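Next up, some structures in structure tokens.
There are two complexes below, and they share subunit A, which is joined by subunit B in the first and by subunit C in the second.
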Partner chain A sequence: MRAFLFLICPVLLFLGVSYLLPFLGIVQLSFTDPDPGLTQYSRVLTEDLPTGVIWRTLRLCVMVTAVSVSCAYVITFLWVRGSPLVRSITELCIMIPFWISVLSRAFGWLSMLSNRGLLNTWLQDMGLIDSAIQMTRNEFAVVVGMSHYLIPFAVFPLATAMRNVDERVLTAADGMGASRLRIFWQIFLPMTSSGILGATLLVFVFSIGFYVTPALLGGGQSVLVAELIYLWIFQIPQWGMAAAMSVVLMLGVGGILYVLMRRYGEMAR
Partner chain B sequence: MKSEAIVSGTTQIETRSVGKKFGKFHALRDISLGVSEGEFLSLLGPSGSGKTTLLTLLGGYEPVTSGQLLLEGQDMTTWSANQRGFGMVFQGYALFPHLTVAENIAFPLKVQKRSKAQIADRVTHMVEMVGLDGHINKKPKALSGGQQQRVALARALAYEPKVLLLDEPFSALDKNLRGQMQEELRRLHRELGTTFVFVTHDQEEALALSSRVAIFNQGELQQIGTPAEVYERPANRFTAEFLGDINILSLAGLSSAQIELPTNADAFDTLAIRPEHMRLATGTDTNQLPATMRDRVYLGSKSRLLLETRAGEELMLYFDNGPGVPPPDPGTELRVAWNTGDSFAI
Partner chain C sequence: MNRLRPGIIATLLSGLVAVFLLMPLIAVIPVSFTSRRYLSLPNGDWSWRHYAALFEDAEWGQSLLTSVQVGVLASFLAVALAAAFCIGIWMLRPRGAGLMTGFVLLPMVAPPVVSSLTLYFFLNKMARWNDIIAYDKLGGVVLAHMVMVVPYAVVVIMVSLSQLDRRMDLAAQSMGANVPTRVFGVILPNIRFGLIGAFFLCFLLSWDEIGVTLFITSVETITLPRRMWMGLRDNVDPSIAALSVLLICVVTLLVVVRAAMLMRKERSR
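Showing the complex of A and B:
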């Protein structure tokens, strides 16, 4: 083993130069620009604007994760346990979004949800509503757009878990007279809980760093952490604040990952 | 050849010309047999012979393609597994992996909406019966193979089913544990009086445990009878060969002068004798056949002798390594003998 360690040296070198060094630069910025010491951190964690953005990000990401994982659970169920036809249709629906860029998808949702978009026009044409409903430039649009992007990622850990369910266990429960509802809630769902946890982890961590979708669909009305960092770098330059926020974000994600991974490890055992 | 069911006592389950197809593939053909109340019936056969399929048909987990299933005289062909209410131990146990031993056993009772106290009572009783005290709060993964096996048994017996179906419950266990579990299964069967239908592909296991054995090959019932019947009076060559070593002699190659044939020999063309019923001839024996010693395997108290007849057929017999004469050496010309009653035509 040891003899082959040198083979991964180029990768380590690449990671060191392209990630670690810049990151150390950011850490340095966060402690020095403009004031030396912890000033930037205390501002990030106490001032209204950054704390508001952090809470909004957390709230939105929890919502997005809940929506994505629940939708993904239903989709995966159809994909893994449906009839052959249902399976192939679901598979297409899971794969196609992967080939479309995040930008196009955000624009797709804009043209769908905006005041003069498809949905509002239809609803008005059918006489269901008198004036357009505001469906973009708010958190609703952000949750829809982000969930749509993240659902396919949640599908794969869930599919693995569902495929590992021993069919005979379900047959056994059925033979004992358990209703379908009971089999689902008390047997199938708990047996796939490791997949749910894995999907939750993946989606939540991805969602926290989202930038394009919230920026476009939120229309500047619901700024998330990533967008705030962008603002502090390019619009109202406060690099030290941006750096401190980045470090906080990274530690936060790292902490959540650590806790959930340990839980995941316990379940896998 | 198809043999009719020999039923003693009251028939509890009956299959009438039951067939099962998967697509165009016949997994089972024309199975007619009866299971008596309280009996221990083994379904025996090589891999793929349809044993599991028959068990799932009996349990109501798969619909039959043709034929009829009866439970105490009533047609149960279309009943669901739950309506039949048989216990089932699946190949690989099928325990609920996220539930503890106690919760696993309690599950079918909860489904039946029994009271909490009753469930607790029953679980304690079952756990004691299969000897799992002290493990009730463990999950299946934390248990050994034998312990998982016991949980599966306890879960299947928890609601006191009239019939217990077992699909190769011991196939994953090592030899020692297997023997021990077989003993326990016999004890459970004696104590409970439940009808057991037990699938195995281990001949010894089937002969040792069951009151009757049903032998399957390629989806067809070959023979059903007590262990002694199927072993000593196999209905056909498959059964004879499947149940253990056997010497097969072509009748055409035998001179009737020296051989007394069993009564049913006219209709058949081969004669079969189990190795333990064959011996070296002493001169006064009725049935004698010349043979040449080919090989000898020392087995401790016995030696296994391999011989060849004039017609080139191989024979096997056991020789007691007593204080008397030593076994003959390879190459020796000698004669083998047997009692007419121990030979059968197939």
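Showing the complex of A and C:
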């Protein structure tokens, strides 16, 4: 009993006081500030500004997820099934961006895409365009930056699924004369579908609460949910609205994670 | 035997993804040598001024120090709490272990912006009681980072404990060792690599942390990512490019060295 007290309790106490209690405080705010009841929730889910932001977030996150997972699938395929040399090169291409700070990566995209950036300068030097094309401060930049950030995260579940593919099934298909394209479409792709689902949900959950990349590359033009919460705290203080939006976000993410866990729980059984 | 070797198309597509992944990291290099004070490419006049600024400007040094202090303190405390918790769960296998572990992992799965709001709310409240663990204070940042990295420490230490032979602990117990002896004499020495790994992971996460830090600091306690953010948000400062180049070099070096070490290990087998 004393061991329980000294070993298990400290972290529970620590997180209980500094995380759970204040979160309950946030939940309470969402029901009380400024109006008691469900007013904040109905405002978050009906007013133009928040609903617009929610739809934009969902739309961009679906795009980001599609781009990240398909890019990740292609490069993971090479990482898992390529020759040893190819494997080590792709591993470097995945791991180096993965370990680099989200800020440096956002800055990299600014250097690449901004009006005086690499791409615009090259295009102008080659005479393909007369004046710079606006490629930052819009949704395009946000999708590019977020996908770039999330590709390595999609790679890991995909790699696990691809490594678990039973080589004998592929050998059998090959022996029966299936073409390589057919082996891929009809056997390999369906056999890795659990990895695709895992990667999709993981990337979607990550992308939906994103703050830094959209704020830097969107330049205040395409505000997403997380940035709206920030604005509601620091620019136009509306604690109740920020709290209600956080609770909605938490519930959405919780729902997706629940599906993910059940799905993986079934597969583990 | 590899029945599904990546062909031309897969290799080509992967090459495009690899270029996409590495492009922004390469784009910052020329920008860091610009002689102007805004984001631009050096037009024949390459300059080291932004690198010099990093070393001359006392603010960058101060932020570096803050980041290291926060990282070391938060990681050390988080690993201590996490180790106690994991060992407690491992030794006692109490009822509700799954629920307790789920609770401890909460900050890892919750959307970062929700955690940020929660911690901002908590530290604001704390500011009324003391001025050490409070908004915009070093103690507050340490506490917030601890909350965010504790789950990762728990995961790493749990994995390392799951590989530990339970009979070793039973042997110690049957020879009359009490709980402290079992913990300090048997378990901790056997999971030391897990503890070191957890510490490094936590330090890295804290070193890169920006989402929460943005909410809980303003002018007094400025970590390195926070200062980068300020330079990026207001007017894109090429010093960030210089700093990014330095960070990218360090990461690339570490990843390449690690890959080379793994390859040598595999060959010598």
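Quick note on the criterion: the second predicted complex is superposed on the first by the 252 of 269 C-alpha atoms of A that agree within 3 Å, B and C clash if a C-alpha of one lies under 4 Å from a C-alpha of the other, contacts with A are read in each partner's own complex, and residues count from 1 in each chain.
One rule holds in what follows: a residue touches a chain if its C-beta (ideal position, glycine included) is under 8 Å from a C-beta of that chain, and two chains touch if they have at least 3 such contacts.
Everything quoted here is computed from the prediction, not taken from an experiment.
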Put the two structures on top of each other at subunit A: do subunit B and subunit C fit, or clash? fit
For the superposed arrangement, I'd like the angle with vertex at the C-alpha centre of subunit A and ends at subunit B and subunit C, nearest 10 degrees. 90
Check the residue A:F140 against both partner chains and state whether it touches subunit B (first), subunit C (second), both, or neither. neither
Tell me the contact category for A:P190 with respect to subunit B and subunit C: first, second, both or neither. first
Comparing subunit B against subunit C, which has contacts with more of the residues in subunit A? C
For A:D174, select first, second, both or neither according to whether it touches subunit B, subunit C, the two together, or no partner. both
Should A:F31 be classified as contacting the first partner (subunit B), the second (subunit C), both, or neither? neither
Please indicate which partner A:F153 is in contact with in the superposed arrangement: first for subunit B, second for subunit C, both, or neither. neither
According to the stated criteria, A:L257 is in contact with first (subunit B), second (subunit C), both, or neither; which is it? second
Would you give the minimum C-alpha distance from subunit B to subunit C, in Å, for the three-chain superposition? 9
Let me check the overlay on chain A: which residues of subunit A are in contact with subunit B and also with subunit C? 171, 173-174
Subunit B touches which residues of subunit A in the complex? 166, 168-169, 171-178, 182, 186-187, 190-191, 193, 269
Using the touch rule from the top, collect the residues of subunit B that touch subunit A in their complex. 59-61, 81-82, 85, 88, 90-92, 94-98, 107-108, 111-112, 141, 159
Note: in the complex, subunit A contacts subunit C through residues 2-4, 6-8, 10-12, 14-15, 18-23, 25-26, 29, 71-72, 74-75, 77-78, 81-83, 86, 88-97, 99-112, 114, 116-118, 121, 148, 151, 167, 170-171, 173-174, 180, 183-184, 188, 205, 208-209, 211-212, 215-216, 225-226, 229-230, 233, 242-243, 246, 249-250, 253, 257
Subunit C - residues contacting subunit A, complex: 1-7, 10-11, 13-14, 17-18, 20-25, 27-28, 30-31, 38-41, 81-82, 84-85, 87-89, 91-92, 94, 100, 103-104, 106-107, 109-122, 125, 143, 146-147, 150, 154, 179, 183, 204, 208, 210-211, 214-215, 225, 228-229, 232-233, 236, 240-241, 243-244, 247-248, 251-252, 254-256, 259, 263
